[in-house]
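Scrolling down, you'll hit the structures one after another.
In the two complexes below, chain A is the common chain; its partner is chain B in one and chain C in the other.
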Partner chain A sequence: MALLQHPGYEEEKLQRVAEQLPCREVQAGTLLALMGQPQQYSYPSIFIYGHRASGKSHVMNVLLKELELPHATVSCVECVSVALLFEQVLLSFFGCDAASLLPRSPSLSDFVRIYREQCSQSPARQTRYIVMEKAEILRDTDANLLPALLRLQELVEDNVTVILLSEIVWDTFRPNTGCFEPLLLNFPDYSKGELQQILSQDRHPSYSAEFYSSYINILLGVFYSVCRDLRELRHLAALNFSKFCEPLADGKVKETDTHKLWRNIEPHLKKAMQTVYLREVSSLQWEQIQQMEEKEAGVLRGLSAHTHVELPYYSKFLLIAAYLASYNPARTDKRFFLKHHGKIRKTNFLKKNEKTSNHLLGPKPFPLDRLLAIFYSVVDSRVAPTASIFSQISSLVTLQLLTQVSHDDQLDTPKYKCAVSLDFICAISRTVSFDIMKYLYDFL
Partner chain B sequence: MSGLEVRLIGDGDVLEHIVDKQEGVQSSRGSVQKMVTFKSPARRRVREDADHDGDENGDFDEQNYVQALGADDTEEDEEGMSRVSGSSIFTFQKVRRGHSMAQTANELARTPGKSVTFSATPYVEPSTPTRTGRNHRGESRTPQRSKKVQFVSTTPHRLRKRMTTPSLRSDSDSELSPSDSGEEEDEDGMEEEQKIKEDKENLKTPRTPSKGLSAALYKTPAKKNKNTPEPLNQPSMVEEYFEAHGSSKVLTSDRTLERLHIPKLDRETLVQLLEGKPSSYSKEIQQLHSKHQKHFSKWMLQLQLGFSVLVYGLGSKKALLEDFRVSYLSQEMHLVVNGFFPSITLKSILNALTCEILEHQGSFRTPSDQIQFISQTFKNSPDLHVYLIIHNIDGPMLRGEKTQSALGQLASLPNLHLVASLDHINAPLVWDQFKQSQFNWLWWECVTFQHYAEETSYENSLLVQQTGALALSSLTHVLRSLTPNARGIFKLLVNFQLENKDNPSYSGLSFHDFYQRCREAFLVNSDLTLRTQLTEFRDHKLIRTRKGADGVEYLIVAVDASTLMDFVENEEGD
Partner chain C sequence: MSTSSVSKGCFVFKPSAKKKKRTLTLEDYFADGCEDAENSETRFKLCQDLWDKIKTDTEVLQDELNRKILDSLLDFTRKCSSTHQHSNWASQMRASEIPTAALVLGVNVPDHDMTFQSLSDLLQQSVTPHVVSVQAKECGALKHLMKRVLERMMGTVVAVDDEEEEEPEQLSAQLHKRVHCSLGTLCDWYNTKTRKSNTGTPGKKRSSAVRDEQQQPPVVIIFKDLEAFNSKVLQDFILICSRYIERLPLMFIFGIATSPSTIQHMLPHSVSSLLCIELFQSLSCTQHLATVIDKFILTPQFPFKLSSKVMQVLISIFLYHDFSVKNFIKGVQLALLEHFHSQPLSVLCCKKKEALLNVMQLSHSNLERIRQLLSFKRYVEKQDPQEQDSLLKDDTHLKEVCQKLIKGLHKYHKNYYPILRCLHTLTSSLPRYPLGKQIRELHLICLEKNVWENEDYQSAMKLLKMLAKDELIILLQRCAEILEPVKSKKMNSALVQLNELLTRFKELDTAAAAETAPNVEECITSPVKNLQKKTDLFQLQKTLLEMNESRRSKKLSPFEVLRNEVLEFIDSLVKSHLSPPDSQTLNEVSYYSSSATVRRHINATPRTSIQAALSSPYYYLQNDSLKTEDGSVSNAAPDICIAYKLHLECGRLINLYDWLEAYATVVSAAEGNSPDSDNFGKVDEVKHARFIRAVSELEFLGFIKSTKQKTDHVARLTWGGC
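Our next item is the complex of A and B:
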């Protein structure tokens, strides 16, 4: 803990900060060095980037809170308009009175003007910090906002530092016309050892630290290959710990018998990876499953199993026709839907090179008349082209089973794509006893 | 048989009618349509003599076609013929072979069995005889013929032939010369008188008993029907589609209208020329009109009951709706919307509703605000009833998703009543189930056969010289066929012009400036590309160039500012 040393701050505060920031001592030290002593002018803007859950916001928050520095933390997701952003900054620096001075739809210059007015009344004795979380959203706002924030110290003539937090590298932020370059700071990923160390911290009070640590070890062994997100791992650890402790509670094994514990939990964790991790089964359901002994995990059908949709008869056929139109090349239509398609030699027909690619490349757009032609040849009975058939097509579009490709003309030559999967269409064609595989070019 | 009969027929009948004409329906309902399919044995004989292997479908349509063509040539037949050609509007004209058309022309000239069709009517002239002797012969041979009747899939072949050799048709037309048929008619005319007698006998023969005329008509087609395989009928159309679209070869011709070297007409002369040609069926059309008028009171009741009336069918429905408006809505508050008008927008409809009818001053920020206000006002005053008449609800500017959902919201208000007409064949695509439930349509088939005079007056025809500035719909139509970059280039110019619209001394954007701007936006990569693009715009009359005082060309969009603003709004909306 000797790493965190800085002349401007008290020793015990730094001590507390260091305790809360395991494995981030280097980054915190750099930041402290950049911030300097409270009354010193800091760099106008610092850009911190790193992967998800690498402790960017946490480090910033802990530093600013524990060292009691004046700061405003703004999440750019919440600020749908710049007015909200300005209001939040003014609110946390100068109180409600300042925030109420903002006009209804404030411009950047309004903000700067009010900030300067307030600033002259209560000049900064310490550096003020504005922390912008999820700063990548700033790119989509007004073009002048990001350059202005980067130069805010200059504009308002106050001791203020803007800290931008993002998962995206700075190069994609840079405006065309250039801007004041911020200081770049990278937060690297946690290594496996670091993850182990951090996760082991929140141990259960009734069990020993070594026991929990061995549990985390097993958990990381299963999940580390697919997931390095600290938050996700922590959530999984909390969810499955009760199952891990079960044999212990039954008295079958001792705490030190790691191998037996591992044998017990390992298949359970594998199942968790397929269900809870993919959010097929909600965490609450997972906990309920664990409590009910008799009910095996996985018996419960997840979200993705509910792909069965009940459709009207003709809509089913329309969807089937759309699928065929989307995944079959138009030149093969004659072969599939014409009784007397003349002499198309099989050898001649099979020399295609796109044989396997149709399902890999995704659906292709098709015009309305092709859909109707396939529809009529697929349906056994005779169907009148009534308004209801047409409105079923547009209803399928509304239900997002089809998508309209170009929004150019809705009536003259509309083009569609089929947006359902092979499994879905197979299930549908089974209900109307239509053998779709026979008609699909890819599975010939 | 005095007037043309039109009945409301069910879906099934329509389908039968569209798909396969030769399928005999034994009921007397479809008599009007079935007239076309009648073929006399005598005619078959001629065909057999000619010994060609055309299929039934083709021949039927050839006959219709020739009848339609020949209506003027053979004066005697005119009344009878005109009827038939009228019904041929229903049928799908199929591809015909040039050679067989000439044969049918011959047949027609001999006028085989036509007289049987109309012998009971006063219109039939004595010059359309039948040869009874041949009649019997033909009848005995029917089973033999049936082998030839079998469906031979020659249609696609012929289709291809037609596409590749457009000259064929003109050839066959020349074979149809009146002199050709005239000779034979003279020949036949010799025997005229006795033929009439035979004719009458023919009517009394047991084969055509004195049932209704229509029943007699059905005799032959019904027989024929046994031979044609039934299940083939529907797929045949589907198959035709696949045959036609089977090959990816696209044949384009360079025979454009330009090659005619005929100056384009302007609209006035076109209207003048068309006025000189009155419709030959004005009486029947009038009858149809008055027949539809009888339903007005029903419409009124249905509107009160919360339905919306949707009028569909062939012909312009504008006069009908106008009639309805005059006779029933003149005392009520109503608003007429011309959907065919190319510059109509949702905003203008809503503004008309709020400003004129609800007498509200002030503006709204969004259309949804405006609809909210309208529905609130209607809710507060339940005695207020407003009738909304929309000619062409499927008009080019109204078919958008947003416009239709806004209209649907209006139509679902209990005291706003909607009457609309529709013409596009794919029009039901506009409404999904939800919108249909909002509109609560009652579909009324109103075939009027009236000219789309007003509806088409705004359309761009190749034959007509364009006058004045471009309308909003044609502007969007032209632009949608362009590449995204070309659209970007045009939008750049439009935006620049809109910025300067209040500046009277604005004389357009100079080419050099425009090029700089386009380069900055990565729309063009060289001077030449932009020039090519501008030529294209000039061809479509989207822009005008003007030489400035300093010899630099200035570019102006030749569309007025309000249309441009609507255009920009629409583009952003999409």
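Our next item is the complex of A and C:
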């Protein structure tokens, strides 16, 4: 294991850091080099990007904690307002007195002012670090926040470095007015070998390291092709380990007999990939299934198996009408819903540019009038235009079976789109014995 | 009920008795309903008692129905909060997911409130004091969601910066110190709370020792309507929560109206992987309705009854429009109120004893009302002349007869429902359900007319005649079970008879088999034997015919005989007890039959009422000068009515100038100008302005809109007219 080395930090601490950061030595080394010695000024802003669970936050946290550097870690998703962000930074650097100095709904300049005041009282002896997780959210906040954070060192005249962590690349951040360019640092994905090495570290205390390592090997064999997320893999490893150990506990196999163990666990893992990995089945239920044995397995249906929705009679027809309005061109309504629609030749009727399936293009918006006109022609009985028919339309919108396209404020002819799938609408129309296929332009 | 508004039909009349009691005195309450106010107090009391009973009973029923699902949910929360504290290897390695219960409740969103209320009450009682429920409409953005959660959990006001303008001084003064809106605050609060409850007041909280044993009661957040939430807000919130799950034992409950796959539509894998979702399916609303009907409608205990038409309206609103049991009960409530409000004789609509007492206290005018009743008239006609005379003249005699009749009505109800249930058990499993799958359908048939005259009934009986023995016995046994608890002479004797028949069925098993075989053989073989002799053609034909005949009227096996007997018995029961309530004398006392009122109040038709208001303003304004005979609009009607009437005569495009001219003519006539004078039909400024206003009002109501197809024209948006 290549040891981290840098002047200015204790050898012992660096050793501990290195132990906690397997397979990320290179990145940690680069970072250390960038940070320099504790009292030295560092680069004003560093941007670290890499996929989910590639160790960005972990590396930063371990480095800053173990080396006992002053730092503030902020998750941007949590900062519903900038005030929270400022407060957290001030709190961790100067204590709660400083944080309470912030006025109500503070601006960036308030923050800079207070920071400077505080900093003049307690100037930085070591570089202060602000770590911002999920930095991509900063793009949606005030336009001046991100550029200011990038050159915060300059603004507050203090030895401070802002480190931005994100899953996406810097190019999507750059504001069009230009800004200070941070140093970019990429954390690549872990390779299969690295994953194996890291996962093997958290072995079960009552089993040997080799045994656990061979388990991880099998697990990665199944899951590596679909999932490289360390966190998920660790979760799956924990869930399925007891099943893996089962033949061992029964005394059927020895620890070294990997082939038999593999034969035992492989179908189980495949099943896990289709269920618990997709969160079709919760991990608690998964554990229960394991205890129940095979006899009842398969009884449990996943979340997506429940698609049936019970609707009132007219709601069903409203939904059918909405589907027809969304997927049929408006000019064909005459052909479908008028009894004596006159002569419409098939060749005329099928226009060339409409040959592409409407179902491939997705639902189109339609006005309320058209929905109601189709509704009255598909529903078999006479329906009075009561208030509850209209309220059913809006409840279909809240149930997300329809979506309102026009703005809420537009009271005059609101527009909607139908948001259900063909399978769903077929199931619905079957319950009211309505042959929807006969009315769909695409299936003529 | 009346309002001063023009668009009467748009109003929902909240038929809440309580409200009325508070705002109006009893006299006011019954003032417009009937001329006879003397017994209004009794009626009001009866009505309220009944409604209170319905209300409490529905709540109990709801609790019972929800018990199962709520219990499993409670188990889930307990299990989650206990596994959260486990510290074995697997749970350490496992990503700590937020336990989430997906509660599928059906599309009748208004009904969910009650379920969630009892759920959070139960949770608070038995699992954790920290329960918060949030609704989508109050959580448009992440900070609002956070604010709601924190406020409700901690009972303080949470500051969200860059909010609207400053709050009034005195308000913020009385608040406790403001806290920042982050889950970190919640964590701190939770820590102090749990620490406090662990250390402090040991003597006082003896009872909650069991709860304290797990030390960390979970923090439950209920999302009442998941579908309506903004998915971005929800995702962010879950992301934040997952950061704190180590410190804060959070738990979610998602209320889902459609199907659980919505969760996957709303949340990407990266977010749903933070949740540990378990599914809970609640009772379907149709089952719920069935139990409600079973409990309130199909029972002799409630003296108040709905006629078939009202039932039909309420049920069709349920099935066609909203699936909401709550609204169904509201409908029953409306009918109840209307009945007691509009029918003075409803004093007799109560328990038997009370009703008998009330009969004695009837005033002369009310007795006259009884004489006017259709059912009573029919009854009188059947009596002999002398009796007729005394019924119509002698009040005391009438009272006695009324008592008898009331008793009869109660008896009828007592027998009706058990027999209805019996008939339903017999027919509900027949192929293609001739008399309906649900008991309410059968009930509707029976309410309407004599069920035994119904074709479906005949076919059901035919099908019953084909039932196999064991099936029939099972059904009959179930009928016997239904009849058993009923305390009524007739039902008891019916039960005895039924049991007798059942024992005879059982005896068949042992005795019959041997006996029948030779019999059958005999009757088939005898003509064939005759045939073996040499006969002429005529003889042959005759014997063949005979054979055919005998085969058709083949001698029935004892089982078949018995089966026919049973069915005849059932048929006789049906005929004697399931006659429609219209045939009962004094049925008007307990049956509410004005379906139009119910429909108008519950299923409002705004467009129809607007059109009614425009075409016949008298209907709403009640001004005598507006009265017209032939449905035309009088000249004195409001401007908009005149403009509306004129526009009906036009085609799709209306020339504004022609319209104005026509309008001016009509209005001039109304002003009393003689048609010969110079000014007649001339457009002055005032008329012009009035016309423009009427037109813009029509545009606002959606009858016309401006168009670019032709200058000076507007387009009509409705069709039809004169």
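Basically, the second predicted complex is superposed on the first by the 398 of 444 C-alpha atoms of A that agree within 3 Å, B and C clash if a C-alpha of one lies under 4 Å from a C-alpha of the other, contacts with A are read in each partner's own complex, and residues count from 1 in each chain.
As a working rule, a contact is a pair of C-beta atoms (placed from the backbone, for glycine too) under 8 Å apart; a residue touches a chain by one contact, two chains touch by 3 or more.
In this text the structure is predicted, and so the values were computed from the model without any measurement.
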Should A:Ala373 be classified as contacting the first partner (chain B), the second (chain C), both, or neither? first
Check the residue A:Gln410 against both partner chains and state whether it touches chain B (first), chain C (second), both, or neither. first
For A:Ala384, decide between first (touching chain B), second (touching chain C), both and neither. both
Specify the partner with more touching residues on chain A, choosing between chain B and chain C. C
For A:Ala83, using the defined touch cut-off, is the partner it touches chain B, chain C, both, or neither? Pick first, second, both or neither. second
Partner chain in contact with A:Phe337 - chain B first, chain C second, else both or neither: first
Have a look at where A:Thr398 lands relative to chain B and chain C in the superposition and call it first, second, both or neither. both
First, second, both or neither for A:Glu232, with chain B first and chain C second: second
Which residues form the common part of the chain A surface touched by chain B and by chain C? 384, 386-389, 392, 395, 398
Touching residues of chain C toward chain A in the complex: what are they? 10, 79-80, 83, 89-95, 97, 99-100, 102, 104, 106-107, 109, 136, 141-143, 146, 159-163, 180-183, 225, 227-228, 236, 239-240, 243, 257-265, 269-270, 272-273, 275-279, 281, 284-286, 317-323, 603-608
For the complex, which residues does chain A have touching chain C? 52, 75, 77-78, 80-84, 87, 104-106, 134, 202, 204-205, 231-232, 234-235, 237-239, 241-242, 278-279, 282-285, 303-304, 306-315, 384-389, 392, 395, 398-401
Quick one: which bits of chain B touch chain A in the complex? Just the residue numbers, please. 11-12, 14-15, 19, 153, 234-235, 237-239, 241-243, 245-248, 394, 399-401, 424, 426-434, 436, 443, 480, 574
In the complex, go through chain A and note every residue touching chain B. 330-331, 333-334, 337-340, 368-370, 373, 376-377, 382, 384, 386-395, 397-398, 407-412, 414
